[in-house]
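Let me begin by presenting the structure, written as structure tokens, before commenting on it.
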Amino acid sequence: MSSVEIIQIWVAAFFTLAIFSFLYKDNPFYKLAEHIFAGLSAGYYVGLIWKAVIIQQLWDPMLAGSWWLVIPGILGVLMFARLWPRISWVSRIALAFVMGNTAGIFLITQLHGIVLPQMQATMLALGGTAGFASALLAIIVVVGVISTLIYFYFSKEHTGVLGVTARVGIWFIMVSFGAHFGYTVMARISLLIGRVYFLADLWLPSFSQLF
Amino acid sequence: MLRHLRIRFLLTLLLTLVADYQFAVAQTSDDIFRVDRINALITFVLFSIAILLYIKWAKEGKPLFIRKIAGLDAVEEAVGRATEMGKSVLFIPGIQEIDDIETIAGISILGRVAKITAQYDTPLVVPVRYPMVLAAGQEVVEQAYIEMGKRDSYNRDIVRYVAGEQFAFTATVNGMMMRDRPAANIYMGAFFAESLLLAETGNAAGSIQIAGTARPEQLPFFIAACDYTLMGEELYAASAYLSHEPLMLGGLKGQDLMKVLIIVSIIIGIVLMTLGFGDAFRNLFEAV
Amino acid sequence: MRTIVPVIVAFLAGFVMIVSFFFNPERTLLGRIESEVLVWVTIVGGFTLLLGVVSITRVNWQAVRTMKEGWGYNLLTLLSIFVMAIPAMLPASWSQLFGDAEGSIYDWLFFHVDYPMMATMFAMLAFYIASAAYRAFRARNPESTLLLVTATLVMLWRIPMGEAFLIQVGDTLLFGYNLPESINTYIMNGANLAVQRGILIGAALGAASMSLRIMLGIERTYMGKG
Amino acid sequence: MNFWDKLGALDRRWIYLLVALSVIFPLIVPMSFKISITPEARQLFEAVDALPDSSVVMLTFDYYPSTVAETEPMATAALHHLFRKDCKVVTMTTIPLGGPSMAERVTRTIAREYNKDYGVDFVNLGYKANWVAVLKGMGNSIEAIYPADNSGAPLSELPLMATVKNYDDVSFIFVVADNDIVQNWVSIVNAQYGTPMGAGVTAVGAPKYYAFVGSGQLTGLLGGMKGAAEYELLADARGLAEKGMGMQSLAHLVIILMVIVGNIAFFAGRWSQKGKVR
């Protein structure tokens, strides 16, 4: 390990431990780390947008002749009108442009890319010839999808057949959320493993280099 | 007149946009109109009509039925318990800004809770993280107290601003819970990782806990740690049920109609597939 | 004027996308417009991020100026913003410390300060989950019992040690029934898939309905007050 | 205060300590287990493996530094697999905080091992804002959205990009993500342009995406660190995820134990109190 590497590791280890110190209680080290973190992240955005948007998407193409890009450039600058209450309404134009476009894409893709394919995939033949296991699976999927949809149907009281189906729905939902629970626990532990690995595999060995 | 012009404008726009200019470089298909996407077009048209019609009806004040969400009974029961015990109720409308629809739903449920606490003079505490949410929350709570004829019991500190980042906010609220030991904690809105910490502390403080959020990764934790949980769309439905706000209500009803159509289509598909000649029907839903 | 212009802009920006979906972009004027609009949106979108930075700067500057309690921390945030941003905006041709390539100040601060902190923030949750598991997750009713039982099975199934255990259980108690495989088939690809599909369809309808309202200018919450 | 109450009121820092020990212990006493492969991971691997040599594959770095422990092993294993197969790799990201830096560093590090040349064998497009428009816009023209790559070189100067104009020229999209973006890759790109895709996601999101695997919109799925470990094994690129499995095992057991003991303490405490009232 070179001395530069050792410094890098110690800096990273210091901030890792400063964040972990919140587990004991809120303290100045955590506050310090938290505020530096907020600042660096904001600074990262500035560097990124400067390069990826202002230079690459606006400045260079405009120099190359795409003068009309001045329009989105102005729209972008209008966004900052938000900061002054008196002219903040101007920023709505820019915001409306982005929101409207996203809405237009979403309106179609949610129906075309999610609702239709998911409906189609649920149209399964029940009791086919492929054997008991796949027949059972088809029934589980079909009953699960329909009863979940009915559970989240609000225009009728959940009584009678609807009530029974919604009841089945809730059991299905609990199984699915149980799976979600298990997976989420797994996710959080993995992240801890990542940090412990860094501390144990890189930081600890650097001690022997120091002394 | 204006309406007529609007339609003319739209048609002209449409025709200019899709006229055949022949500057194709590489053509994937010869048709200008994507005939293969007609199923998406039909879905899109049906969907738009359903939503817009119901919103129109809701605005006109037509009675549109939404069932009462079971979770709302649980909320009322919890507030009732707090009254009996002479303890306070803690309500958190999520940790997001006011432009998040989950926060909006949370605030409208807060209106209902405030009415009950006003009626029985039960202390209510609402910590919020953003000035805009503070303003909206204060407005709703004050309105509720006035409606119940308890203008005098209202004070501006019911909804209070707790500054700070996600975990700092959580730490402060947790402190409040352990100190005041509220009889009921109600969480309605957008929650993230702090859901765990809040629910855990509330549990240690011995409070009844009711939660509602649309975030699927937080729902399981709320279900396991709270006495009742409003899941996903139930949060919006509860809010529409209480506020009768035409956009929310109309949207919800329109979506419900679509759900019926979807369920019916799925069932037809399943029956036809099971009988062995469903492929043609199933292909109607092919997304290309 | 203050609402009608944004509403028209929102409508047109969305309308182009919907029409172009149903027509062949290559042969119409529409295709050209669609492409251009999308480029514009990515540009304007970039400025939204900067807006966030400006408001963080403002909030912290206010705190420093009025010497609010703990203003030293706010000053630190301000300094961090500048230390990160300014070298990144200077051309890399001046010095290798500038720009954002490997070896620059920007890259170094990101990988050795920002990155470890961000990775640690969420790692803390592992501890919180364990303590909540002990103190709050109760099998208080049949629903939450089912949830916890499924969660336990899935947690076992996803780790090699647990999987071996489940196979053992299947072998000795259930006549060689393959437990891990059926967890994958019936829980993950059965009940879970079905519920997620139902929720997906519901959420897609909700998102589409919101989009429709935004496009038509019925829903204007996003514009804010003023 | 009886035993059960004391057990219920245990200070949470003891539990934190137990979790820490469960993760540290396997580092001191290494444990190795046989890692089984789920069908979803195998499908993804086989779809990538079946691509003809020198196909163009798009690999996305749609994750924040906060989830690298789960996602980076997936991206790394995928890169090993792709470079070994001589595929051409185009990387991009929709994550503003760190995405471009991580894509650059990970890709270049692995490319060095296989002597791959930048611009010929792989390109890092980097970041552009507003992912919905980015995903949609690349369907018309990648160059319109990305006039230059991450380091600022115009796309026209990169030989690889001369053959990759839009999704039609991409054989497979390998999404590595820690957020809902997967859903948009599916509903915007796969549904409209038909490009086959598979996803490696954090465990938090994984249960949801089974619905897309079931509908055939995703060819396969890797869920969390276990999913990453599976791909590492399949692609013969052993790394961090596989090593992490031992730690993961013990920690899961600790959590399960906590749930069980916590519930016993709770119900036993309740039961003993009932006894007293009588």
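A, B, C and D are the chain letters, set down in written order, and residue numbers restart from 1 in every chain.
The rule is simple: contacts are C-beta pairs under 8 Å (C-beta built on N, C-alpha and C of every residue); 3 or more make two chains touch, one makes a residue touch a chain.
What you see is a predicted model; the values in this text were computed from it and never measured.
Highest inter-chain contact count (C-beta pairs) belongs to A-C. Farthest chain from subunit A, judged by C-alpha centroids: B.
For this pair, subunit C with subunit D, the centres built from the Cα atoms lie 14 Å apart.
Separation between the centroids of subunit B and subunit C, computed from CA atoms only, is 19 Å.
Between subunit B and subunit D, the centres computed from C-alpha atoms are 30 Å apart. Chain contacts: subunit D has residues 16, 19-20, 23, 66-69, 96-98, 100, 128-130, 133, 136, 183, 187, 191-192, 203-204, 207-208, 211, 214-215, 223-224, 226, 248, 251-252, 255 touching two or more partner chains. The residues of subunit A that reach two or more other chains are 22-23, 38, 41, 44-45, 48-49, 51-53, 57, 98, 101-102, 105-108, 110-115, 117-122, 141-142, 145-146, 149, 152, 173-174, 176-181, 183-186, 189, 191-192, 194-195, listed in rising order.
Residue positions of subunit C touching 2 or more other chains: 15-18, 21, 38-39, 41-46, 48-49, 100, 110-111, 114-115, 118-119, 121-123, 125-127, 129, 131, 133, 135-138, 143-144, 147-148, 151-152, 155, 158, 188-189, 192-193, 196-197, 199-202, 204-205, 208, 210, 212, 222, 224.
Within the complex, the subunit A residues that touch subunit D are 23-24, 41, 44-45, 48-49, 51-53, 55-57, 60-61, 98, 101-102, 105-106, 109-110, 112-114, 117-118, 120-121, 141, 176, 179-180, 183-187, 189-197, 200. Within the complex formed with subunit A, the residues of subunit C that make contact are 2-3, 5-7, 9-18, 21, 37-58, 70, 73-74, 76-85, 88-89, 100, 106, 108-127, 129, 133, 143-144, 146-155, 157-158, 185-202, 204-205, 207-208, 210-212, 214-215, 222-224, 226. On the subunit C side of its complex with subunit B, the touching residues are 15-16, 18-24, 26-30, 32-33, 122, 125, 128-129, 131-132, 135-138, 140, 143-144, 147-148, 151, 199, 201-203, 205-206, 208-210, 212-213, 216, 218-219, 221-222, 224.
Chain contact summary for the complex, subunit B toward subunit C: residues 13-14, 16-29, 31-34, 37, 40-41, 44, 47-48, 51-52, 55, 99, 101, 104, 193, 196-197, 199-200, 203-204, 216, 220-221, 223-225, 227, 232-233, 236, 247, 251, 254-255, 258-259, 262.
Interface residues of subunit D, counted against subunit C in their complex, comprise 8, 10, 12, 15-16, 18-20, 23, 31, 33-36, 38-39, 64-69, 96-98, 100-101, 104-105, 128-130, 133-134, 136-137, 140-141, 144-145, 151, 183, 187, 192, 203, 207-211, 213-215, 223-224, 226, 245, 248-256, 258-259, 261-263, 266.
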